[in-house]
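Structure incoming, see below.
Labels A, B, C, D and E are assigned to the chains in the order they are written; within every chain, residues are numbered from 1.
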Amino acid sequence: MTATLSPATTAVLSLSGVSKRFGAVQALKDIDFDVHAGEVVALVGDNGAGKSTLVKTIAGVYMPDEGSMTFDGRPASVSSPAEAQELGIATVFQDLALCDNLDVVANLFLGRELYTGRALDEVTMEQESWRLLRQLSAKIPSVRIPVASLSGGQRQTVAIARSLLGEPKVVMLDEPTAALGVAQTAEVLNLVERLRENGLGVILISHNMSDVMAVADRVNVLRLGRNNGVFTVSQTSSQEIIAAITGATTNAVSQRAARRESQEEQS
Amino acid sequence: MTATLSPATTAVLSLSGVSKRFGAVQALKDIDFDVHAGEVVALVGDNGAGKSTLVKTIAGVYMPDEGSMTFDGRPASVSSPAEAQELGIATVFQDLALCDNLDVVANLFLGRELYTGRALDEVTMEQESWRLLRQLSAKIPSVRIPVASLSGGQRQTVAIARSLLGEPKVVMLDEPTAALGVAQTAEVLNLVERLRENGLGVILISHNMSDVMAVADRVNVLRLGRNNGVFTVSQTSSQEIIAAITGATTNAVSQRAARRESQEEQS
Amino acid sequence: MSASTPTPEAQAPADATAALPADLQDERLIASQGIGGFVRVFLSRLRSGDLGSLPVVVGLIVIWGAFQMQNSAFLSSRNLVNLTQQSAATGTIALGIVLVLLLGEIDLSVGSISGLSAAILAVGFVGHGWSLPLAILAAIASGAVIGAVYGLLYTRFGVPSFVITLAGLLGFLGLQLKVLGQEGSINIPFDSGLVKFAQASFLSDVAAYVVVVAAVAVYAATRLRSNQRRAAAGLSTTPVVTLAVRAAALLLLLAIPVYILNRDRGVSYMFLLFVALVVVFDFVIRRTRWGRSVLAIGGNVEAARRAGINVRAVYVSVFVFCSSLAALGGLLAAGRLAAANQSSGGGDVNLNAIAAAVIGGTSLFGGRGTAYSALLGILVIQSISNGLSLVNLGSPERYMITGGVLLLAVIIDSLSRRSRASHGRA
Amino acid sequence: MSASTPTPEAQAPADATAALPADLQDERLIASQGIGGFVRVFLSRLRSGDLGSLPVVVGLIVIWGAFQMQNSAFLSSRNLVNLTQQSAATGTIALGIVLVLLLGEIDLSVGSISGLSAAILAVGFVGHGWSLPLAILAAIASGAVIGAVYGLLYTRFGVPSFVITLAGLLGFLGLQLKVLGQEGSINIPFDSGLVKFAQASFLSDVAAYVVVVAAVAVYAATRLRSNQRRAAAGLSTTPVVTLAVRAAALLLLLAIPVYILNRDRGVSYMFLLFVALVVVFDFVIRRTRWGRSVLAIGGNVEAARRAGINVRAVYVSVFVFCSSLAALGGLLAAGRLAAANQSSGGGDVNLNAIAAAVIGGTSLFGGRGTAYSALLGILVIQSISNGLSLVNLGSPERYMITGGVLLLAVIIDSLSRRSRASHGRA
Amino acid sequence: GGSGSSSDSSSSSGGGGGSAKKIALLLPESKTTRYETFDRPLFQAAVKKDCASCTIIYSNADQDASKQQQQAEAALTQGANVLVLDPVDGKAAAAIAASAKSQGVPVIAYDRFIAGVDYYVSFDNETVGKIQAQTLVDIIKKGGKTSGDIVMINGSPTDPNAASFKKGAHSVIDSSGFKVAAEYDTPDWSPDKAQAWMEGQISAVKGNLVGVYAANDGTGGGAIAALKAGGVKPLPPVTGQDSELAAIQRILAGDQAMTIYKPVPPEAEAAAKAAIALANKQKPASTKDVEGVPSTILDPIAVTKDTVKDTIVKDNVYKVADICAGSFAAACTAAGLS
């Protein structure tokens, strides 16, 4: 396994003491987090642990209540997604954030359309869309239908393809493979590795431990809105990480595994 | 492994020759499909293969262009979700179909609210909600907040919990574990097994082969809107199924696996 | 770097949370038990802008203060009684609008329907000598029929309600003129029941206080009962002190206006009818399956359909309620004017009714709002119009100030909600 | 049962699809190449109800036929020229409404703004003796300023546009009365440029045909160029025959009306201006980044924000465009009437402008619609109104028939879309 | 009914020649009773009497100047030989008149003056205001008061004609010794609005109110409802205009002091005569010249309780049975109607 060691340089993105509260719910409390160039950091945690909230805070969708952020070594404060993009942060959100009324091409290039003269260059954009989608093994019959009529996995592929445009320094993928088929999932994992090779910092959120163990360098665990340990993949096992996620060494997962084993022994 | 053999009785739900077309896209073509009582049938296929379309056709969301359906041995034609529910078909849709403006309790009991006298029985409904959610290991801070403010996995848990209400004969789960954490996924798989033990027919859609192999009795593969083989889990391997899904024996998945193996050998 | 500490947080002891009610066990919840908790929750809601209708009330108070400074007659008992009288008819119409807005639809024709209903009543009662109950029934039934037609057109053909009701606005205005016929304007005798009800029927002082006390008692009893049941179900309860404070606040909130109104003619039956309708519809929206269905459809019609709700029936029933309430509002207006004429229901009745619902806090996009927004909204609108009629102003200034004050009232409201704007999901 | 055949479908040979253009390779796509394919696609769109604006056109034709049967003067050249003249002003306003509707917002104050703009022009030009260009500039600039204020109020305070523009409706009506002052009604001289432009300026017959031919030529050239580029990019192209058929259809669609209009006074400059605005805005909405942003915000404002679009700037610019177009519409109306008075922009201008946009097919909920809906919608509305003024009817009947015909036109439209209603997603 | 008697225009061909003349009657609004109820049927009857072959093109502009322009264009399209135009806005109607003239079609200004037309038949709007105010002042003085507050409920601020009524009324009241305590331009002539405003005035003006000037019967009715509900006793005199049936009933019942009766038959007849004459390229007879336009100016009449019998009943505007229906029977007997 090629566990690329995290470089000793300063982190490309680093958060410290970030808190975020929604009404009576403390979604994030004192979170520290960093990612280096050429590193894939997995952010894992139970449902509602605050992973997406953290991603959205970094992406400028939410303003944190407390805490600070540095980007490329300089203190940065992003108050809108546009600012985060300018810094070089590309994000695939868990809810995809697509415009259902627009077609695939329009969604892919939203906010960075190509021009010929005074009009949008629909031809080049369509050609480019096909290229990106093929690259992700997408099975989309037409790029000229509204994304509302795409299947769940097709929509997710479109959202991921968006992050391939532009030249980001950090890519955040919030459960990018949740709705993807096996082939598409493999392509996205390939993509993550390509991004790392190109020296980008990648933040990957996933509930799939084997995917996490396969591509991540480090794993950052959140639990009920708090940091709950950072693990280096090459020196840890999925059991350890699952224990940190659920907050217990015996849990539904281990119980289920145990039960199945005993059943198999009996049968 | 306890591969419950599909009973020789007639199927509780059976489709034949179902086709569905959207504009210029043939989403389903001549689909045959059946599920027996006490059986878990996995429906797998690539993104856009037509799985959700098939589920929605059964659930009365779409009317098929062609084809017939029998339920409990009798020909049935469902023209609305309400009719499907009356027959005894409960569905967890891939897009969850929750009302974002309503709170968790209201969403759980939508369409089958409990009453005391002339007013809704909010107390019993809330108590029952907590019970259902605990059962699924959900980590939801409050059931009195609009589901719009829940995390992706929390929303999915709510949608799944809905299907535990009422007394269905067939339960359809469209990628129920896509956004769930490891513990919640284990609980849902437990749930599927409980449903089978209670003699229900279960249709499970998933892209996760290990989950499919763990709980399904049969696997029905769709490819580009057509039937592409039915497999008995106890007599097949995931490689075989993946080959049927992608339509090729060498594919991104196998390539990726091969590459990683060779890398590990080298390192 | 690689030597990070993989120490999973020690699991919180199960007993620490087991003592808490089922709905307060999550450790991310910021505790809010007791009076202190109540105050803290309130402050946090204040900060986060989640204040329900409080800002509209603040806007209303600002408007009242400003007009009182202009003319001390504004807050006189007599004028406040007038204000209640002026609010009832359009308020009733606005209540119907709240219902359609909750569905995410609109009804532009409530003005015409109210005018038509007034015309039917006047022609039936005065022209044809029907009995008053029959005439009222006929008027409201015609409203209901119109609503049913709207509902059918909407559910059968999927025509946007904006266009259906725009057609209705024109069509029923025509019908109103037709029904009124030659005379055009018809007096409803001052000694008829309707006019008496709308102009000169007031609760006695004692009766008004009895109503107030009864309302507070019902409130307190309901909450206590709910507390009991929640405790039995292992859920959190509202502290009794908090309940007592709330009940006392409600008592004051009701008793003070009643006291002031009682110094003049008192609480009119017509206003009481309007308020009672608001209370009933509030209950229906919040605590019945039908109301829940309306909110669900307004939030996500496809989800509601997939939940097995009979979406068509709900649409039709809401349009029927809206049109019937509009017809009732038309009757109240006719009773108050003691006449039905060609301009009954015309002018800005439509816009005022819709604006009242929106200003009161009901969303135009469905799924969000309460019956009380009709009450609050119409009070804002009528206060402006009533206040300006006490100040001598030319028409241009009157229009400009009305617009300005309206904007101000809503900005106060929106300012306090601003922090909610940056909402996203999952 | 267990012996099911696990035979994965033989993989389609890669060469079979590689020959196809990149966007037609998916095997689920039902082929639609060539003329036959074109017809088949059309029929399938007909069945599935996805017909764009065709049903509105059918509704329009039905209305025209009906009125022609009532009075043969309806389709006379003279009356059709009148119809174009009557449509231009409100149509221009409706174009602005289309823009705000695309955002999912609304502007209720376009009537007042158009009235205010007319008042400013009249007072400036006639009262203060400004030059015509200066007066026009001042009037449109005031519209733009109003739009900017709306946009700022909306983006800063999050006040619903319904309420902001309701306040504007009242406020600017007041300002209009104030600006008109004592006189109230101000005539604009018949020999002034504006009145001449709005009443008596027509393209010569030849010029009109030149415009038609030029338009068709531009269309054909654009499509051919696009075909070339698509072919070069490996994408599917429209068969040249299909293009030729379409260009010929467009030629007929434009040349026949021009021929008919030319038999009377011809194509007026004012109508040409309106149509040109529609064409320009159609281009802007479909083919520029700004237009794409408007559609995106109307579809999902949060997604647009996350895509890095400057949402606030887009809101402000749309409100500015809408108000400026309303001001321009007010000028055209004033020019046509040769006067500005207290009722300029009043009456049903607001409702007609909004209804035109909606009837033309623009959704009230944002993200769906085209600039052409302003043109189609205003033609429907003005045809009804114009047609009815050729039939001797009392007001009640006229209102009722207007409502009925409106409803009918939209039902025709909706019927053909019905099958689309059962839409769901993933 | 009046609306049923319209002639069939679809049978007529587009041409304008021959003896079958087309006369267009363009009325301004439908929200007050008189136009649809009186002007239209009376005018039609008058035309039919003198010219059986003439057809009438009728339109009502619902208080919208540009709609009226459209209707005028429609009339010209249909080949009208003469326009009888009761303008929504007399000043702005100059454009309509001009375009008619440019096509050689003469225009009669009906009820409201339009500069530069061929003929003018009317009751003068300013005179109406003057008579309303004068009658009001006389009634108050008769009641023994020589000072006090009058409130004025004027017509719609967006109706140009309302300004004329207002001007006329002010010219009388301002010099009468009574004070105008407050005045209000009623949006859309809305009785509801008038009622709400009046209610406010009862609080604001208090005891000193001696009379209410209301510009028409609708707003007057609203004011009376407010005064009654507000318990003001005795009711101060309230004016009106239009002679709505409801107003006549109120006058008989003693709730309203007066209304304005414009004897429409002579006006309609004069207009019909002039229209037929102009259609046949003849010069109509005139009694007066207004700004160079040959005119027939008629006098509006104030109707009070005492004069109902001699005006409304005598001219057969309403049947006594209608006026005295239901609860108004007693008031009728008291006023000597039966």
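Rule of thumb we're sticking to: a residue touches a chain if its C-beta (ideal position, glycine included) is under 8 Å from a C-beta of that chain, and two chains touch if they have at least 3 such contacts.
Everything quoted here is computed from the prediction, not taken from an experiment.
Annotation: C-E is the more contact-rich of the chain pairs C-E and B-C, by number of C-beta pairs in contact.
If you average the Cα atoms of subunit D and of subunit E, the two centres end up 40 Å apart. Rounded to whole angstrom units, the spacing between the C-alpha centres of subunit A and subunit C is 45.
Work out the mean CA point of subunit A and of subunit E, and you get 75 Å between them.
In subunit A, the residues that reach two or more other chains under the touch definition are 23-25, 52, 61, 94-95, 139-142, 149-152, 224.
In subunit E, the positions touching at least two other chains are 2, 30, 36, 157.
Of all residues in subunit D, those touching 2 or more other chains are 26, 28-29, 173, 177, 302, 306, 395-398, 424-426, listed in ascending order. In this structure, the chains touch in the following pairs: A-B, A-C, A-D, B-C, B-D, C-D, C-E, D-E. By the touch criterion given at the top, residues 2-3, 6-10, 13-14, 30, 36, 40, 56-60, 62-67, 69-71, 73-75, 77-79, 88-92, 94-95, 98-99, 157-160, 163 of subunit E touch subunit D in their complex. Remark: subunit C residues 22-23, 26, 28-29, 226, 229-230, 233-235, 283, 287-289, 292-293, 295-296, 298-300, 302-310, 367-368, 423, 425-426 touch subunit B in the complex. The residues of subunit D lying in touch with subunit B in their complex are 1-2, 4-9, 11, 26-30, 32, 41, 44-45, 48, 50, 422, 424-426. Within the complex formed with subunit C, the residues of subunit B that make contact are 59, 61, 80-82, 85-86, 91, 93, 97-102, 106, 110-113, 115, 118-120, 122-124, 126-127, 130, 139-144, 148-152, 155. On the subunit B side of its complex with subunit A, the touching residues are 1-2, 22-25, 45-49, 51-53, 94-95, 137-142, 145, 149-154, 156-157, 175, 178-187, 189-190, 207-209, 214, 224, 242, 245-246, 251-253, 255-256, 260, 263-264, 267.
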